[in-house]
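Let me begin by handing over the structure; questions about it come next.
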Amino acid sequence: MLILRRLAGSIPSLIGVVIVTFLLTRALPGDPAAYFAGPAANAQAIADIRAKLGLDRPLPEQFLGYVVDLAHGNLGNSLTTGQPVLIELVNRLPASAELTLLGLAFAVAIAVPLGILAATRPGSWIDHLCRMLATAGVSLPTFFTGLLLVYLFYYLLGWAPPPLGRLDIFNTPPQSVTGFYLIDSLLAGDPSLFLACLAQLLLPALTLGIFALAPLARMTRAAMLTALSSDYVRTARASGLTRRRVIFVYALRNALLPIVTTLGMVFSFLLGANVLVEKVFAWPGIGSYAIEALIASDYAPVQGFVMAMALLYIALNLAIDLAYGLIDPRIGVGA
Amino acid sequence: MSEVPLLAVDDLAVEFRTRSGTVRALERVGFALARGETLGIVGESGSGKSVTAFAIMGILDAAARVTAGSIVFGGLDLLTASERTLQEMRGRELAMIFQNPRAALNPIRPIGRQIEDILIRHANVLPAQARIRAIEKLAAVNIADPERRARAYPFELSGGMCQRVMIAMALACSPALLVADEPTTGLDVTTQAVIMDLVADLARREGMASLLITHDLGLAMDYCDSIAVMHAGHIVEVAPAAELFRAPRHPYTQKLIAATPRPAARLGDLAAIPGGLPDLRRDDLPPCRYSARCERRGEMCDETLPMIEIAAGHRVACQYPQ
Amino acid sequence: MTALLSVDRIEKRYAVGGRGLLARLRQEKPAFLHAVDTVSFTIGRGETVGLVGESGCGKSTLVRLVTRLIDPTAGAISFDGTDTAAVPAKRFGRSPLRSRIQMVFQDAEGSLNPRFTAFDAIAAPARRLARLSAAALKARVEEVAALTGLPRELLGRFPHQLSGGQKARVGIARAIVDVSVQVVILRLLDDLKRRLGLSYLFVSHDLNVVRLLCDRVLVMYLGKIVESGPADAVFAQPAHPYTKALLSAIPSFDPGGKRNAVRLSGEPRSPIDPDPNVCRFYGRCPKGVERCATAMPALTMVTPDRQVACHFPETEPKIARSAADKALNGETLSS
Amino acid sequence: MTQSLRHIRYVLAANPVTGIAFALFLLLLLLALFGPTLAPYDPLTSDTASALQAPSSRHWFGTDQLGRDILSRIMVATRLDLGIAGASVVLAFAIGALAGTAAGFFGGWTDRIVGRSVDTIMAFPLFVLAMGIVAALGNTIVNIVYATAIINLPIYARVARSEANIRREAGYIEAARLSGNGEARILLAYVVPNILPIMMVQISLTLGYAILNAAGLSFIGLGVRPPTPEWGIMVAEGASFIISGEWWCAFFPGIALMLAVFCFNLLGDGLRDIVDPRMRT
């Protein structure tokens, strides 16, 4: 029942997304038809393009057309490749997803334990490290961290491969099952390929991870501090429960609530930063796809990209809401 | 009370390091509590009542430091005992209940499970058995339909019900001492009466000693064998309840009784307590911290502050007790 | 003499749930919380009426109805002969009656604007209602401050720089009346009553305080008045079982405590869509019988100045004043 | 007033980090106002002879691929970067805070409309939405300001809405009603002043984020067009030289960017200490 209510909750956002993306496509400066027709076209060619694109019909009709196209998954065609935008997005999505998820995994694996340690040892060096990392992390521009890491690990130390895409030229990509190189190379049982893919992934994932690490670590620390100074933890300590049970079962589980909510914001940062990191590491994900389209001022892919990211984000928020509902009984029953 | 007291607090002093100076919260606090006896600690807010309770349980916050004294419980000084031993004793030999019960329960964990946690920890009970024992404990505190209520969460229960759960948790392993820090302050009058009766009955049935921390003199009168009155970190007077009300000897106790609206009193009988609590961060505090507000003040007050035994179990910290 | 304030069958209901989009789609009939349910009483000129009841009994809603902060669902309130319900709460601020019905809050801390000095807090109502010149306003504020024992130099201070007692006095000065247990404040109320001829509706859950100050007392339970009458008479011989339980719950200063007291069992009934012909106290009442579950007892006159809403009121004195009470009375320790 | 000044000095002394941030802020302000006059070289004249020189006594931060002095370009860029961020934050604050306060205080339809529109904006990953807006409207500086303002707006709206909601039933608001104030007057004279301090904390935090955002847009070619000096663009241009070892082209503008964002985040934390009543001993 809870899932239904949550799904119903995200429908207004979906509608909002469709409207906003429609407005963006139609809010082009100047005359989009002239733009699509290219500089040399005469008046007649522009008129044909306008008719073909249906830009001469009244706005509500265009909106209906837009929605119908959407329903059929027709996001228009990319001018540069002529391919339907949807297909290209689907092909490139695994690259971005693999990068983002690895970045997130890295951030969560570091931030949550760090936050807990900082909260359970206030004033210790780990507490100061956590606070410093949190403030600095948020201030680090992702593309700048990426470049720094490349300079350090590739140019100076030579540990990392050159930042030129998902796989160096010597290896051929694994047989695509999930689209995730790491998993596919394992499925293909080729450890050396797996290591090569991992090497390529490390720096970009690290860059994304550091960016996501900051808000997560800060929130984990704050949430744990509040939980540890709460009345119910005081009761648990007064009842002689072991320190481990007090910290993990009583404090952490309550602290998970605000942490899970922060994940929503972190995903927003991650999906945004993904675009920048893909540019720095020439990563063939949907981010760089959008950038290439931008440079060629080919708007259909950009709008498709914005739509795809929004849908992905709504899905992620939905997952977070469900997770929240599982942890906090008050949400399941109340509201 | 010839035999060794269950709890003997002697010359206890506690300080808090804060940004704006060191607060001398407690100084030379001493009292004894026999097995099965009920002692009330009464005083205005900020008099150090709760700090005393937290010191006994050993759950003062990090900024606090016990600078002197001893808390001997069943022959063991809790201040020198190891954290491991204390952890073993808390919830098993001495237990505590708090002021706003709903906040003092884990909001996202069924109340039955919270009782089971304590049973599993202290009464080495198997998880399956713990579930049944927890339901028995809920029934023992008169919670209707305990089987179903065990699965409820704190936000689904009333204030009175939450306090009953707290009591069930505290008494799960039949401790020898129950410390109750303003247990009914947030509750309605009728619920307060029911909860206080419940605690008194359970204490009597289990032969359990209890320490009631409250600002409500009337409550202490009704439910405590003897009462200690605290002011600005000092115990100014200790006496059996009837004696304290009939013949209070410390000026502050007299003022406290005079300022509390009682069933028989008229508005004219009530007198306010002049002045306010001294700032405990000052290091030039006089030996008697009530002297600034006291109309019986004499030169002897500046030298020392004695603790005079003027009758059996009736002690007063004043140079001029009348 | 006509009463200063007369409240006639006043009701206030709040819709609970059933207002959300989904609920409206499924035509769920919204349930109603009956906060105040057909309450009638009067306050004479210069009379102090105590309103007693536990949390959730509706006394704060009744107070906000009387002070016209909210509009009643039904019923009428007339103040000094004019019907105040006619002017909706939103615009009541401009009616001449506004300055004559004021309210003071128990929680002195929360009732003062942290951004206002004591002077602003006191001056605000005078500035809005009395339309005084600056000089006249300053004089009026200082006069009122002096009246309530607030030293002049404190007028420039902010709330966080004032002690609890001083904040209570500012609250008093602002509305000339305050409710607080501190004896000095109680004494002040009594003094102001005689000097300014004020009438109070004194709301409290502390019966000792009510008994000290009030001429008459109303006892409320779950939105209805269950008993009313002269304070001393009601305290000496409570007629309604709930009043009896309320009185026996007050600490009696009788050392050793009394074990024969009346104790309420169970939990209060739900105030949402209550069954109109079942006594609200049925289920917890020690004397509940079948008739109480079929006919709601009306507030009926038991003696010329006492009313009780119970089928079995106890009119003759049942509980003799306990010996201790009499002893204490003779030997009070006035300073 | 002296009482709060003393308190601010107390907080600055209590944690020196806020003091450093304050000094950094003054430096940024100085550069924003007098950058062009202070810059040792003209940021635009290219001198291909001395292209890609490492940091030296003549060019403290070295020169870029067109031989322009990187230090001067960074100093001149301050005005643009802070300007974009400042304008978008002021815009976001004005609209967001007012809409949020009204929604929180009046509730009902205002609350539903503001709530729904905020949720729609929040349905997009913020940077992606900014990309979409600037791509659609064309990358002029004004559009970057609008885009950054739109994505910052929900933060203010949400904070203002929850703060106003808490205060709607506060004692002193009811007291204000009792003394005959109209609802609108209560909102402006009683609710808003009490929310302002909390909003100040949000402003400094989102300033940092706005700078990052504007630079991000430039980095992917959606921001300010070359040759105008701007930190994001300079890092983008310098990126291609990282692999070949000329680290300074991207490094120094990146550091400038990071320090600016770092300064506003620290100021935000420091302000929170000053504003938070609990901190006021």
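By written order: A, B, C and D. Residues from 1 in each chain.
Rule of thumb we're sticking to: a residue touches a chain if its C-beta (ideal position, glycine included) is under 8 Å from a C-beta of that chain, and two chains touch if they have at least 3 such contacts.
Owing to the predicted nature of the structure, the values given are computational and were not obtained by experimental measurement.
Trainee: Show me the overlap between the contact partners of chain A and those of chain C.
Mentor: B, D
Trainee: Using the touch rule from the top, point out the two chains with the most contacting C-beta pairs.
Mentor: Ranked by C-beta contact count, first place goes to A-D.
Trainee: Averaged over CA atoms, how far is the centre of chain C from the centre of chain D? Could you give it in whole Å?
Mentor: Taking the mean C-alpha position of each chain, the two centres sit 51 Å apart.
Trainee: Can you give the whole-Å distance between the Cα centres of chain B and chain C?
Mentor: Distance between chain centres: 32 Å.
Trainee: How big is the gap, in whole Å, between where the Cα atoms of chain A centre and where those of chain D centre?
Mentor: A distance of 23 Å separates the two centres.
Trainee: Flag every residue of chain D that touches chain C in the complex, lowest number first.
Mentor: Touching chain C from chain D are residues 170-172, 174-183, 190, 193-194, 277, 280.
Trainee: Which residues, counting only chain B, touch chain A once they are in their complex?
Mentor: Spelled out, the residues of chain B in touch with chain A are 57, 59, 61-62, 86-92, 95-96, 98, 100, 103-109, 117-118, 121-122, 153, 155-156, 166, 169-170.
Trainee: Would you pull the chain A residues touching chain B in the complex into a rising list?
Mentor: 122, 229-232, 234-243, 245, 249-250, 253-254, 257, 327-330, 333-334
Trainee: List the residues on chain C that touch chain B in their complex, please.
Mentor: My answer: residues 54-55, 163, 181-184, 186-187, 190, 205-209, 211-213, 235, 245-246, 248-259, 261, 263-264, 266-267, 325, 328-329, 332-335.
Trainee: Which of the residues in chain B end up touching chain C in this complex?
Mentor: 144, 158, 160-161, 188-194, 197, 200, 216-219, 221-223, 241-242, 245, 254-255, 257-259, 261-272, 276
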